[in-house]
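Next, two complexes with subunit A in common: one pairs it with subunit B, the other with subunit C.
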Partner chain A sequence: MAAAPCHGYRPQGGAPLRAPLPRMRTAARQRAEASSPHGFFAPPALVSRAVGDVRGVPLPHWRRCPAARGARRGDVGAAALAAPPAGAAAPAGLRAGPRAGRALAARGAGAGPRLQLPLLKSTIADVGQYYLVRNLSVHELVAHEFIDAFVKKGSCYALTYNTKIDQDNTAALLPNGKLILSVDKDTYEELGLQGRPSQYSGKKVMRYIVTVDLTDSGFHPDSKKHNRVLWALKEKKPLEFDFLLAWYNPGAEGSTLMSYFSKNQIQALKPKITFSTLRDLECPVLQSNELQGKPDESCSTEELFEWLGAVLNQVSLNNKSSSFLSTYCCPQPNTMVEKAFLCTITGFIIPEKIIQLLEQLCCYFGEPKLAYWLTLTVHGFADSPVSWRESEHGFHKGGENLYNFVIFRNLDYWLQMAVGTNDDCPP
Partner chain B sequence: MAGFADLNLPQGPDKKSLQSLLEAAAHLGYSAVALNHVIDFKEKKQEIVKPVSPLELFPSLPIVQGTSKRIKVLTRLTLVVSDPSHCNLLRSTSANIRLYDIIAVFPKTEKLFHIACTTLDVDLVCINVTEKLPFYFRRPPVNMAIDRGIFFELLYAPAIKDSTMRRYTISNAISLMQICKGKNIVISSAAERPLELRGPYDVSNLGLLFGLSESEAKAAVSTNCRATILHGETRKTACGVVYTVKKPRKVEEEETPLPACKKVKTQA
Partner chain C sequence: MPKMKDEAIQDILTRKAVVLEHYSKKKTKQKKKKTKGFTAKQRREMRLFEIEPEQQRYAIFLPLHELWKQYIRDLCHGLKPDVQPHVIQGKLLKADLHGAIVTVTKSKCPSYVGITGIILQEFKHVFKIITKEDKLKVVPKLNNVFSLEIDGFISYIYGSKFQLRASERSAKKFKLKGTIDL
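Coming up: the complex of A and B.
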């Protein structure tokens, strides 16, 4: 295992303080989680929607960080139970679903941004496209033509658009072939399909989850199961939503989603990408094998997580006395970075594309660079019925479910996963 | 969870201000609102007028933010009673009262509070938040009201306007919570201007101040409002199980029994 990568580093502009400053924990997190003055659901950072992860896709040729792996279970368990955001962990493999993603590269002074930007931009531009279909009935997703053409070949992702998980009915199609319907009490009683009450119900159950396995061997065209589901969704209680769809199929061409749903109003959309350069940013100093951080030498994972949230929400880090919103400061020890590059991708992004993006970001460290680490944060949709794998996701006052990769120069990485109130612990 | 609802939007004479109120409520995320028509018997005798149909008032309803459905507008009647003779109106078979979706009563004395909780056919009992309560809540009538499926309503717009009313709101709400233990509470605004409206998550945070638990506070803006609306609907049915619908061309026919959510004693 390579030695700690941060030897030879000297803080610029004065020595770090003897005693660490008291941490003001709450400002950045409250911004990210709490409602804005009018009580809207998603903080400004989260824009679009996606389905939670299902399959773990093993990552190729990654070097694991042994210290982090040992610390995984304890950290995640304790932190996740105590308060909504979870601690750091470094599991094997990437558990992901379609997401909105962000990449932040911290760079040192002197490295010309113009040389690197086109390369990164070209990789980011290829995040694939997704489709928005209006007024699609759910029974069309259960039709056998659809299952044979899309669900059984490659991975098909679908999520209802403009539905709230705690108020309306929601549906999602996972790449392992399961159709999840999260319906309210009235709809469940009228639908007639077998489901279970939601985990986050309490005494009066107001939400039910119906799971239909489309790739089940017992779900062939003439089976009782298939006929019952089709009858329920077609005649008993027709459900119609606007769907976000994406399909990943390496290799064989077949009919595309666009041609299959040409009768409905379908439009192809590309994820929205924005770039910005942050100047004179205070970045915490990190050591890849020091998860808890050493006082005066490196910052801990929780401090990094908070700082990242503050930076991505454009919270000022200078603790001005005139600011009433935030007294948050960058955790010590930190270094002043002249330029940092921030890229935000918003859309219905599938995990296969996120893995490609991650691999390209690792190549960033192929040539010697002054940057010590970069991060990739992926947010799941706040209104999706599932978060990690098939664990149920709810929305109490916030529906965040996200993971964050921190990649170091020597290709060690940290993985942090965070969930909201009505969520299971991440795997 | 059900959609968020605000069950008290005072219905003023001005149509434009109502429209802006509706747009603000839809923008904040409320799926249903109720326009409140208040009748106060202290003033000279008022007739109960037919409720104005929301379809006539508002040609196009705004879409709820974050969904693709339009906001639902209901009609509500509030009777401010300070004398037992005023309650006779509710017992009479006046046709106009039946046309309102929700009926609420605002008792001013302890005896009337007891009558409202135990015998009157209402959906909501309003709790005074603008002045010190003239009576203490007692457990028997409150428990009877909970059994009958009647909800207690708390307002928050007076608290926004004035700091003295803020104190009374919180103290009255807390004394109610001590007796009813957080069950059957509905929190609504009595907002006359769009600025006095607050988002549903903020209102449920206010419920935490009143002493509700997290789930009870969220239910006060969503599930309990849905139960109140259903309770009001059952008044138009026979025992809450069967109701008649006039079909446009055919002769009146009876619908088959509805699902269990339509029972009078709403177990929803």
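Coming up: the complex of A and C.
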């Protein structure tokens, strides 16, 4: 695997990522033999799944597919890369990077490349917007006005900004109404709210997870639970963070986050979208029903995953003897593509927008194109307290948690999910 | 001696002193009248230290708190703002804490955090505290940090190092040993 460092994962250009993409191991189709996530030296686990035909089925089908079901909070960045066909023209595709979202779009050479780029640009025009609030106290997220206005209607996502999961206190609000606080030992002892020790702590526990269910029936105003939580967060140990907030509401009525938090310094931000073109790229040949790859006909899922990581990190795929960084080659069989198109979306993107993006990409295959496949990669925040659903996420050395869609021309798709060491298996 | 000749016996008797058997009067030691003490089991049965539920009212113990404040002020000679903290600390270590209003600030078990009340009884390992809601709470000292406030001075008591009976604490010298991390 290439040793080149990844691009920055943090939104709005922060510090670069700490480690390159992980080596993965293919698990069985039903993630049967995924490695133990609790072991200190366990390699990250990769689950590859080939799902059948999704042709012609609208939104509800996508909701059933694992990525949508996972409903990862604050999923950021979708990356789609279209693979070139065996022929001359290279298809277009989008690839979004990790949270910060990098979209990589491979553009075909054959049919008028200039026509395709604006088409793609228009399809990923709207990825929603998110808000950054500075110095917001956590007790305001527990206030009943906030719960009634945002948590109970639609889905509200919140994550603390610029906090490290293994060092500082972190808070997150999941769309199912649970507020997760990942606190260190001293804060937990002073806060006074019951929690459990983190799964990834050794003999001496230094990290605790406190979960507060805001939609619980016992959490109405003037209940003991609510009073205790409010007292702990307001008077005993006030916690204040910078929050990234997003709210998805199909009804679109009522106050918005902007007006609710007008007293705090709130900024509305749009995810950053960049496009780039890669020329003369070697792409592996894939067959949708061959997960393991036939020796001379197609590549396996792991090889594709590694190749994707190499391309995203701009690692050269020719095994030059003078290169000290990598000896990585494109897996065989492969084709040379004249142009590939990469689109990167960086920001705090919610799963509903990613589903819309996926549908738009499927529509791309509606007209006959020369592309054989395209890829969409979504990275979760390395510092988020949860990875999939509510399973705890630790940083260890990389904090990766990502999933990758490979969509074929006949609308078959592969779904690959990868996690780091301190993580539970993806669902 | 019985088998010797008469002259020999005479000889010995004139020169040496012969010790006859001697019975000394045994002094009957006067048995110390031990004060009739109770065993711990009997003491518990007698319930000397239990407070009846009717008497478990916070308002009743407020005068006790006032008395305690007065006692501490006398102990520290006034509690002026310019007094050095370690002097007060030294005195508080040996002071009696019955009647102080105390709050649990830090605890390994989060449900103890926030308990505030007047200390009614101090045992070796626990405090019995009565809260404003007239509830008698038994709070262990181990792994708890209590905060004590008197006239603007806030002191923190690390319960893990404080596991002594009140009477014994006045005689003990506290040394810095180990960590105060919970």
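Methods note: the second predicted complex is superposed on the first by the 317 of 427 C-alpha atoms of A that agree within 3 Å, B and C clash if a C-alpha of one lies under 4 Å from a C-alpha of the other, contacts with A are read in each partner's own complex, and residues count from 1 in each chain.
Rule of thumb we're sticking to: a residue touches a chain if its C-beta (ideal position, glycine included) is under 8 Å from a C-beta of that chain, and two chains touch if they have at least 3 such contacts.
Only a predicted model underlies this, so the values are computations on that prediction, with no experimental measurement involved.
Asks: Look at the residues of subunit A and decide whether subunit B or subunit C touches more of them.
Replies: B
Asks: With both complexes overlaid on chain A, does A:Arg207 touch subunit B (first), subunit C (second), both or neither?
Replies: first
Asks: Let me test your reading of the model: by the given contact rule, A:Lys236 touches which partner, first (subunit B), second (subunit C), both or neither?
Replies: second
Asks: Once chain A of both complexes is superposed, is A:Lys397 in touch with subunit B (first), subunit C (second), both, or neither?
Replies: first
Asks: Can A:Lys164 be said to touch subunit B (first), subunit C (second), both, or neither?
Replies: first
Asks: Figure out whether A:Lys263 sits in contact with subunit B (first) or subunit C (second), or with both, or with neither.
Replies: Neither partner.
Asks: Regarding the shared-chain residue A:Leu193, is it in contact with subunit B (first), subunit C (second), both, or neither?
Replies: In the superposed model, A:Leu193 contacts subunit C only, not subunit B.
Asks: Both subunit B and subunit C touch subunit A; at which residues?
Replies: 185-186, 189-190
Asks: With touch defined as at the start, can you tell me which subunit B residues reach subunit A in the complex?
Replies: So the residues of subunit B in touch with subunit A come to 1-4, 27-29, 31, 65-69, 198-205, 214-215, 218-219, 222-223, 259-261, 267-268.
Asks: Which part of subunit A faces subunit C closely enough to touch in the complex?
Replies: Spelled out, the residues of subunit A in touch with subunit C are 185-186, 188-195, 231-232, 236.
Asks: In their shared complex, at which residues does subunit A touch subunit B?
Replies: 35, 37-41, 162-164, 166-168, 184-186, 189-190, 202, 204, 206-207, 242, 396-397
Asks: For the complex, which residues does subunit C have touching subunit A?
Replies: 105-108, 110-111, 113-114, 182
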